[in-house]
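Here chain A shows up in two complexes: once beside chain B, once beside chain C.
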Partner chain A sequence: MLDERELRTFVDGTTNFFEVAAQQPATVGSPYLVTDDRPGVHEYTGIIRVSGRRSGLVYFTAPKTLLTVLLMKMQENDFSHQTMCDAVGEVANTISGNARRDYGKDFVISVPTVVSGGSEEFELPGDTRPYVIPINWRSHAAKLVVCLR
Partner chain B sequence: MPVPAGPAMRRLRLMIVDDSNLIRRRIERTQSLPELAVVGSAGNGEEALEVFRRTDPDLVTMDLTMPEMDGIECIAHLVRLKPEVRILVISALADKATAIDAIEKGASGFLHKPFTDRQLNEALLELARIPQHA
Partner chain C sequence: MRQAMRSPFMMLRGRGATVLSAVLIAGIIGVVLLPGYRLARSLAASNTALQLVSEQQSTPELLVREIELLRDRLATRSYVGRNLEELRRLVTSYDQALAAVRASDAGALAEVQRAVELWARQRATLEPLVSFSAQPYVDTDRGGTALTPDGQKLAADARKAWQFVRANTPALIGQFERAGEYLRRQAAGGADELRALLLSGVLATLVLFAITLYLQLLKGRHERAARESQEQTRDILRSVKEGFFLLDADMRIGAVWSDALATIFQRREFAGLAFEELLAGLVSEKTLQTAVKYIGLLRGERAQEKLIKGINPLAQVEVRLPDLGAGVETRYLEFDFHRVSGQDSIRYVLVTVVDVTASVLLARELRQSQESGSGQTDLLMGMLHVDPLQLDNFLATARANLKVVNAVLREPSREDDEFRSKIAKIFRELHAVKGEAALLRLGTVEARAHAFEDVLQELRARPQLTGNDFLPLLLKLDELLAHLQALQEMSMRLLELRAAMTSAAASAGAARGEMAAPMLTPGALAEFADGLARRCGKRVQIVTEGLEHVPPALQRPLGEAVLQMLRNAVVHGIEKSSVREAAQKTAVGTVRIAFGRSSEGCSLSFEDDGAGIVADTLKSAAVRKGLLSPEEAGQLEPRQAFRLIFQPGFSTQEEATPDAGRGVGMDLVAKLVRELSGRISVATRPGRFTRFEIRLPAAVESVAGVA
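Take a look at the complex of A and B:
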């Protein structure tokens, strides 16, 4: 179970990502615990597996419209499926990597894996409940899911 | 302030290493220093060694979390191949121990992701100013 300070790390990382990379802040809601089902996904999901001091996964999931606008704000002009996958993986990687500022070097993160088309074909740790951090950016909803034991 | 460049001075050769195409393209598109010429890019450490041998860059931007061979290991290889190479780590890994590890392996600077265009150019300018045989 994560405590409030640990969750704050991910909330701050998400806020910082949109402020710096997209130069437009996102509204990041209060994290909530999912108790009875999977947290759900949007069209593209970037997944980071975590090992070491903590284990489990962190994923960022967003609709194509949010990723398209994000890419435009980053001056990117390739909006292919591959670039969408790259973008969603990079957001997940950046927020997870930034968490090492508080968690330290033993918070070991994988390279991102990406699923698309609203697929939820990836395993969540069975013995821990995920937290959802809701994100709203330019009227588009996304979420960061933190599932760590 | 730009790096002084005489008529006979060649531009500094830059290689970009990151497993994200998006980030590689962004660095190439954003870097605006006239003293730099991008001579190659790679998506992991092993590919970086191959491109490095082929293109002989003076400067390298290096991601850390990559498949095949990670950035820390790659830095150590590159420094063995060319001790005077200047390497700017561009990574999301924000803990101090990782930055120290990278510097001890031979990196010259560290820029955290996410970064702005201005931060990137300032970091590259600082890298370009480091004397070649420091």
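Take a look at the complex of A and C:
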């Protein structure tokens, strides 16, 4: 079972991204567990897989509207599908970097992968209750899902 | 090791054979070839001399005849030029032959010496003939051809020489024959000697050949042994599970290593690789530097290998290595270092690397299994006293409570007051779980619920709340759910065990019969109150009335309410025995719980003979907790003050204990009553009693049943 420090590493990685990349901090909504279902995804999802002391995956999923505003804030003019994927991948990459910094020795973290179109065709580890941490940025809502055992 | 013993011996034998063959070669050169060469030269000289001697054997007689011819021709005044020419040739030839014989081994012979002397004398008599160059004749008209004075002298010399040569020729021939004989013997002896030399040379060559053959054989065997040894070494290095390699003085890997090394480090080339390069990125920089220092220490002559073994920083180390799927995996390696000494210094450090991942993981698993086993045993022991069906009932309710907690968490929130409202709701649910767990004496659940409440309590005290502050709640909720799951699994096992022990039908029947077992049984309440009182250092008795008439639909809500009130009564109401006795009361406090039904509905009365509720105490607590300002508290009527006890988070107790102090219990009671559309009233008299009256409408039974 995760401990609080580990969980915070992922959450801080996510909020830090918005703080640095968009100069506008994101806030954390009320976190909850998913007990019977899948945690759900938005249109773009950046996934990192974790092995080592913990195994499973962590993903950041956001709607297109959030990513569009984010790209605008980042002075980006290209709002293509690929740029959206890159943006969500970048968030996952920052989360990964944060975890590597704090738990480099214990966690082995994969290169981020991106899925789009609301696809949830990725395996979640069994026997776990995914932690869903809503990420609120401006008027938009995304979520960070931590599913590790 | 066996190879290492045999090798010096073989080397010694090989060296001896080499020395012997060198001696033999020198012997052949010194004893056979050089004397043979000398002998052959001497033999050649002797043969030449012998040939000359043989050739010149008839020369003295030819000389006699030639001198006779010269004399006669001079007498007849014939042409003598040719005779003189022949004479010179014979003398020169004999001179040369004699010189050759003298130069030969026969030169030293007395016969030769005498022949030389004789010839010298003959030579002297022959000299005037040989050296004659004048005209021997002169032609005159008167006398015809006549001898010149030189011719006359030549004639006289010829006569003189003829006489001398004829007299000495037999002696000279004899001497020459003896010299010839000697030379023949000499040649024959030399030939025999040369033959013997050649024979010994052949023999020595044969021996040399044999030795060479032996050496080749020895070399072949040695090479075979070396090859075999190399193959064995190769086989060992190929088969061992450990990674072996040598580190030189520059801490670089040598030319030989075991194949396991490639598997362990997922690379192929190691020769010349620096130890630091090998471990770079696999272990922390600090560990690597310590390891380098350690090896340096090991190479030092002073340090004792055994003593410093204990500080080996790589004795067991966690590394991250590439896995087959191009990812990275955590492995555990054990490094061992040994000195390899040369004649006068430490030449290498032998490094052994073993991948102990499987053992480490197994040990960890075993430990976890033991801990889990021990945890499960504790769990089992902690729940054995609970009826499995009651437990099942509890677990279902607890899960439902926690589901509500999660649903509360899931409601989107951004503002502080929204988060605070969640805390109050979560508190109520948890308190219900904790209360029931306490009733069933499920300490593990109670403790976890209490720890959860601790976090909630701490959050409640914060001036501002965000979702970030709620992250610990998520972990606590997950932990509690996991624990309930473990209890559920254990309960299932217990049920299976019971079913196996009794007949399935009887078990099922019994199970159905007990399924509706009420929570509000006097025994369970007394047990709960007893445990609670003991923890508080108090004594209490429960008196019940009509609880058996509580309809099943109300069992749970009223049961929960009674538990909270009981907890409140024992912790806050009933005094310790000493206090009670001082106040002229019985040492044992009494709690009366009565249930009654009427056409209007039903009622539950809960009364304790404790300290009662003091309005001022409630007001002070409300001020202390920031629920009221001092002014508001001052204006509060006692009746209004009593309502404070139903406020979420209100408690007169400073420190929360597992039993009370959260200010949740009575809030939960109020909520339960509200949900049942009932009313609750409180009556109290300080120092004497506190009584709660719950009144529920008649329709509530069916509603609660549906709920």
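Criterion: the second predicted complex is superposed on the first by the 146 of 149 C-alpha atoms of A that agree within 3 Å, B and C clash if a C-alpha of one lies under 4 Å from a C-alpha of the other, contacts with A are read in each partner's own complex, and residues count from 1 in each chain.
In this section, contacts are C-beta pairs under 8 Å (C-beta built on N, C-alpha and C of every residue); 3 or more make two chains touch, one makes a residue touch a chain.
Predicted model only: the values in this text are computed from it and were never measured.
Participant: Consider chain A as the common anchor and indicate whether chain B and chain C clash or fit when overlaid.
Facilitator: fit
Participant: Look at A:M1 in the shared chain and tell me whether it touches chain B only, chain C only, both, or neither; answer first, second, both or neither.
Facilitator: second
Participant: Looking at the overlay, does A:L33 come into contact with chain B only (first), chain C only (second), both, or neither?
Facilitator: second
Participant: Report for A:N93: first if it touches chain B alone, second if chain C alone, otherwise both or neither.
Facilitator: Once the two structures are laid over each other on A, A:N93 reaches chain B alone.
Participant: Using only CA atoms and the superposition described at the top, report the least gap between chain B and chain C in Å.
Facilitator: In the combined three-chain model, chain B comes within 5 Å of chain C at the C-alpha level.
Participant: Would you please give the residues of chain A that touch chain B in one complex and also touch chain C in the other complex?
Facilitator: 105, 110.
Participant: Show me the residue ranges of chain A that touch chain C in the complex, using the header's touch definition.
Facilitator: 1-4, 7-8, 11, 27-33, 35, 51-53, 105, 108, 110, 129, 131, 133-134, 136, 141
Participant: Under the touch definition given earlier, write down the residues of chain B that touch chain A in their complex.
Facilitator: The touching residues are 19-23, 25-26, 29-30, 65-67, 91-95, 97-98, 112-116.
Participant: Taking the complex as given, what residues does chain C use to touch chain A?
Facilitator: 284, 318, 320, 327-330, 403, 406, 409-414, 418-419, 422, 466-468, 470-475, 477-479, 481-482
Participant: Show me the residue ranges of chain A that touch chain B in the complex, using the header's touch definition.
Facilitator: Chain A residues touching chain B: 16-17, 20-21, 23, 71, 74-76, 78, 82-83, 86-87, 89-90, 93-101, 103-105, 107, 109-111.
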